[in-house]
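Sharing a structure with you now.
Think of it as A, B, C and D in the order they're written, each chain with its own count starting at 1.
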Amino acid sequence: MRVPVLAINFKTYPSAFGDKALAIAKTADKVAKELGNIEIIVIPPFTELRRILEAVEIPVFAQHADPYDYGAHTGWMPITALKDVGVKGVLLNHSEHRIRLDEIVHLVQKARELGLETLVCADTPQAAAAVATVNPVALAVEPPELIGTGVAVSKAKPEVITRTVELVRKVNSEVIILTGAGISSAEDVAKAIELGTAGVLVASAIMKAKDPEKVIREMAEAAVKAIKK
Amino acid sequence: MRVPVLAINFKTYPSAFGDKALAIAKTADKVAKELGNIEIIVIPPFTELRRILEAVEIPVFAQHADPYDYGAHTGWMPITALKDVGVKGVLLNHSEHRIRLDEIVHLVQKARELGLETLVCADTPQAAAAVATVNPVALAVEPPELIGTGVAVSKAKPEVITRTVELVRKVNSEVIILTGAGISSAEDVAKAIELGTAGVLVASAIMKAKDPEKVIREMAEAAVKAIKK
Amino acid sequence: MRVPVLAINFKTYPSAFGDKALAIAKTADKVAKELGNIEIIVIPPFTELRRILEAVEIPVFAQHADPYDYGAHTGWMPITALKDVGVKGVLLNHSEHRIRLDEIVHLVQKARELGLETLVCADTPQAAAAVATVNPVALAVEPPELIGTGVAVSKAKPEVITRTVELVRKVNSEVIILTGAGISSAEDVAKAIELGTAGVLVASAIMKAKDPEKVIREMAEAAVKAIKK
Amino acid sequence: MRVPVLAINFKTYPSAFGDKALAIAKTADKVAKELGNIEIIVIPPFTELRRILEAVEIPVFAQHADPYDYGAHTGWMPITALKDVGVKGVLLNHSEHRIRLDEIVHLVQKARELGLETLVCADTPQAAAAVATVNPVALAVEPPELIGTGVAVSKAKPEVITRTVELVRKVNSEVIILTGAGISSAEDVAKAIELGTAGVLVASAIMKAKDPEKVIREMAEAAVKAIKK
C-alpha cells in the first residue's frame, strides 16, 4: 500500500450496488491515474467485487472476510475465496462489523500468507495499539460516535488521532495509520495527514455525494498536497 | 416455486467460486430446461451471484441475507440489496448459519414484501413447525449431524422427515417441504419424495462430484419420476 | 404455572442486586401469599438466585439459560446447572437477549425434561405463534419499541395482543400468554387480561418504583380482579 | 495480584456448583493460607459467587463480564454489578467465551476504574501481545487445542510460552503472564514457571480430581518452589 491513502468504504448504501457502484469505482480509478501519487482503494460489497475488479486497476478490497478456508460454510465469505476472487486486500473489524481478537490475529496472519493486504479498524487509540501488534498493513482509527455524522474526527477529536499515532508507534514503526469517522471534506483529509496519519477511510461523504468525482478529486488532491509537507 | 425441487447449495467449496461455479450453474440450467418439469435452484456465494444470474434462467438464490435495508452496514448483505442484485430468493437459517427467531420472522416478511422467495432450514421437526408458522415459500429439514456425511436423512432417519411433514401440516398446508442432509444419490431423492416432501436441498454430492452433470441429471430425473407417483 | 401471572423481570437494574433485590423478592412473596390466587414470579440475575431462592417460596426463574449441559463452558450458564441451583423455570429469548430458533427449541425441550418451566418472549404475533409451536409453558409478547417506555402495549398497541392471542391459539390451545412491554400500572395489567392474555411480564415499573410493594400489590390485585371476569 | 499465581477456573463442571464448589473454594483458601506466599484465585460460575465470597478470603474472580453498566440487560452480567457483588477480579476472553477486541479494551479499562483486577486469555503469542497493550493485571496464554486434554502446553508446546513472554515483554514490562491449557500436574506448573511465566490457569485437573486438595497443594507448592529459583 502506498501513501497517502484514500480508502473508500462503499458500505451498503444504495450507491454501493449496481451501475452506481461501478461508476464510483471507475471515477476513483480515473482520479488515481491522473494524480499518480496516491493510493485510492475502493471497498465495495461482496456482490459487486467481480464487476469492479474487471473494470478498474486500483486496489479493490473486500469489506469483511470470515476466518474460514474453503468448505462447508453456507453464507460466509472465506478469506481464501476472496483471494481467488481477486481482491488485493480486506477491511477488517469495522465498527459496523466488529470481530473477536483471535479472529483479527488469525485473519491478518492468513491474509499475509495469501498475499492479501489488511486494513483493520479500531475505535480507540488503545484498540489501535492492540491491532498494531498484529502487524496488519494498515489500520484506521474511527471513533464510532462520529461515523456517518459529517463531523470529522480530525476536527472534533484531534487528540484521538495524535494519541493513536503515539501509542501505535510504540509497538509498530511500519503500519500505515489512517483516520476515519466523519471525514467530509478536503480540509478534513489535510488535517488528518497533518496530525500524523497517512490518509483517510471515508464512506458517506463520497457514497452519498451528488458529485462523487468532485469529492474524490478534492480529497485526493488534498491528501497529495498534505503528505508533501 | 414449482415442485419437485432440486435446490443446490454451493456452500463455499472450491467449486462454488469462479469458472467451476459458473459451469455447475449452467449445467443445472441445461438439465432444468431439458426436463422441463422440475425446479432446479442454484445457491452460489455472494461474489458469484451476478455472473451466474447473467448466465442462467433458472432461479438463483443467495445463501443468506442480513435483516437490513440499504445503509451503513459494512460487510453485511441487506436483503433489499439482494433483491436489486437480481436473485429470485434467499436461503435462510442454514445449520452453518443459524439466525435468531426474530430475524427469521423479519426476513421472511421482508422477502415477501420485496417479491423474493424464501427457503428456510430447520434442524428438527419441531423447529420446522415453528418455521412453518412464519409462512416461508419453502422449508428444508436437515439434521445437522448428517450434513455432508453422504448418509442421507431419508435413509438413516426417515422418521425425521415423516414427523416434519406431520408437524408442519398441522400449522401450514401450503409451505413446500424439502429434505436435506446427506442426500447423495438419485435413490435418496426418490426416497425423500416418497416420504412426503417435495424435493431436496443438496450440496456436497453435487459440488464435490467428479461429474456434477451426471449427479444433477440423475437426481432431477429421480425427482420428476417420484413426484408423479 | 397458575394464572393470572405477574412475572417480575429484575433485569440488571441497580435494584436487581443485593439487599434491594432480596427485599423486592420478599415483598413479592408476601403479596403472593396474602392474595393467594395469583402466580407472582421473580426473575433475578444469576448472582442473586441462591439468596432469593432461600428467602422466598414463590417461583424464582433465571433470566436466561445457555443450551449446554455441565462441562467446559467458561462464563456460560448451562440449563442443567440452573435446575440444580433450584430455579423453577427460565425466561428465554427476551428482546435484550435474543437467541436462535434452534436454541429455543432445544432449551424448551431440555427444560421440559428437567422439570423446569419456560417463559419465552416474542416481539411480534408471528414470532409468538412460532414460539407456541415449541410448547413452552408460557410466552410473552413484547414489542421491543415499547419496552421500558412506560407506554403500555395494552394501551398503545392492543391489536398486537389480540393478534397474538389469535395466531397463538391456532397452533397451541394450552400455552399461557402474557403481555409485556411498557406495563406501568394496575390499569395496564387489567387491560392486558381483558385483551385475552393471562397476565403480564413487567420490569422497570416495579424495579424502578419508589415503593415496589405498592406497585406489586396494585398490579396483582388488578390481575386477580380482571381474570375473574 | 501477587506471584506466583494458581488460578482455578471452575468452568461449569458438575463440581463447579453447590457444595462441591464451596468445598473446593474452601480448600483453596486453606492451602493459600498455609503456604502464605502464593496467590490462589478461585473462579466459580455466577450463581456461586456470593456463597463462595462469604466463605473464603482468597481472591474470587468471575468467569466473564459483559460490557454494560447497570440497566436493562436481561440475562447479562454487567461488570459494574460484579464489582458490587464483591469479586476481586474478572476472567475475560477465555477460549470458551471469546469476546471482541473493542470489548476487551472497554472491559479492562472499566475494571481498572472500578478497582477490579483482570485476567485476560489469549490463544497465541500474537494475541497475548495484543492483549498486553491493553494493560490488564494478568494474561494467560492458552492454545485451545490443548485445553482439557491433560497434555500441558508447558510440555507439548514450550515455545508457545517462551514466544509469548518474548512478544509480551516487548510491549508491556509489568503484566503478569500465566500459562494455561492442559496443566495437569505439579511438574507442569514448575515447567510453566521455569519457562518464564508467573503461574498457571488450571481447570479440569482440579475440578475433575478425586482429591482436589492434593492437586491444589501439590501445584501450589511446586509454584512456590519454582518461583524462588
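By our rule, contacts are C-beta pairs under 8 Å (C-beta built on N, C-alpha and C of every residue); 3 or more make two chains touch, one makes a residue touch a chain.
The shown structure was predicted, so the numbers you read here are calculated from the model rather than taken from an experiment.
Chemist: Taking each chain's centre as the mean of its C-alpha atoms, give the chain farthest from chain B.
Modeler: The chain lying farthest from chain B is D.
Chemist: If you average the Cα atoms of chain C and of chain D to get two centres, how far apart are those centres in Å?
Modeler: Computed from C-alpha means, the inter-chain centre distance equals 35 Å.
Chemist: Distance-wise, how many Å sit between the C-alpha centres of chain A and chain C, to the nearest whole number?
Modeler: From the centre of chain A to the centre of chain C is 45 Å.
Chemist: Identify all positions of chain C at which a residue touches two or more other chains, and write them in rising order.
Modeler: Residue numbers touching two or more other chains: 95.
Chemist: Considering only which chains touch which, how would you classify the arrangement: line, ring, star, complete or other?
Modeler: Graph shape, chains as nodes and touching pairs as edges: a ring.
Chemist: Quick one: which chain pairs are touching?
Modeler: Every pair of chains meeting the touch criterion: A-B, A-D, B-C, C-D.
Chemist: Help me check something: in the complex, which residues belonging to chain C touch chain B?
Modeler: It is residues 93, 95, 98-102, 104-105, 109, 122-124, 126-127, 129-134, 167, 170-171 of chain C that touch chain B.
Chemist: Within the complex, which stretch of chain C touches chain D?
Modeler: Those residues of chain C that touch chain D are 9, 11-14, 16-18, 45-51, 62-64, 68, 70-78, 81-82, 84-85, 91, 94-97, 147-148, 203-204.
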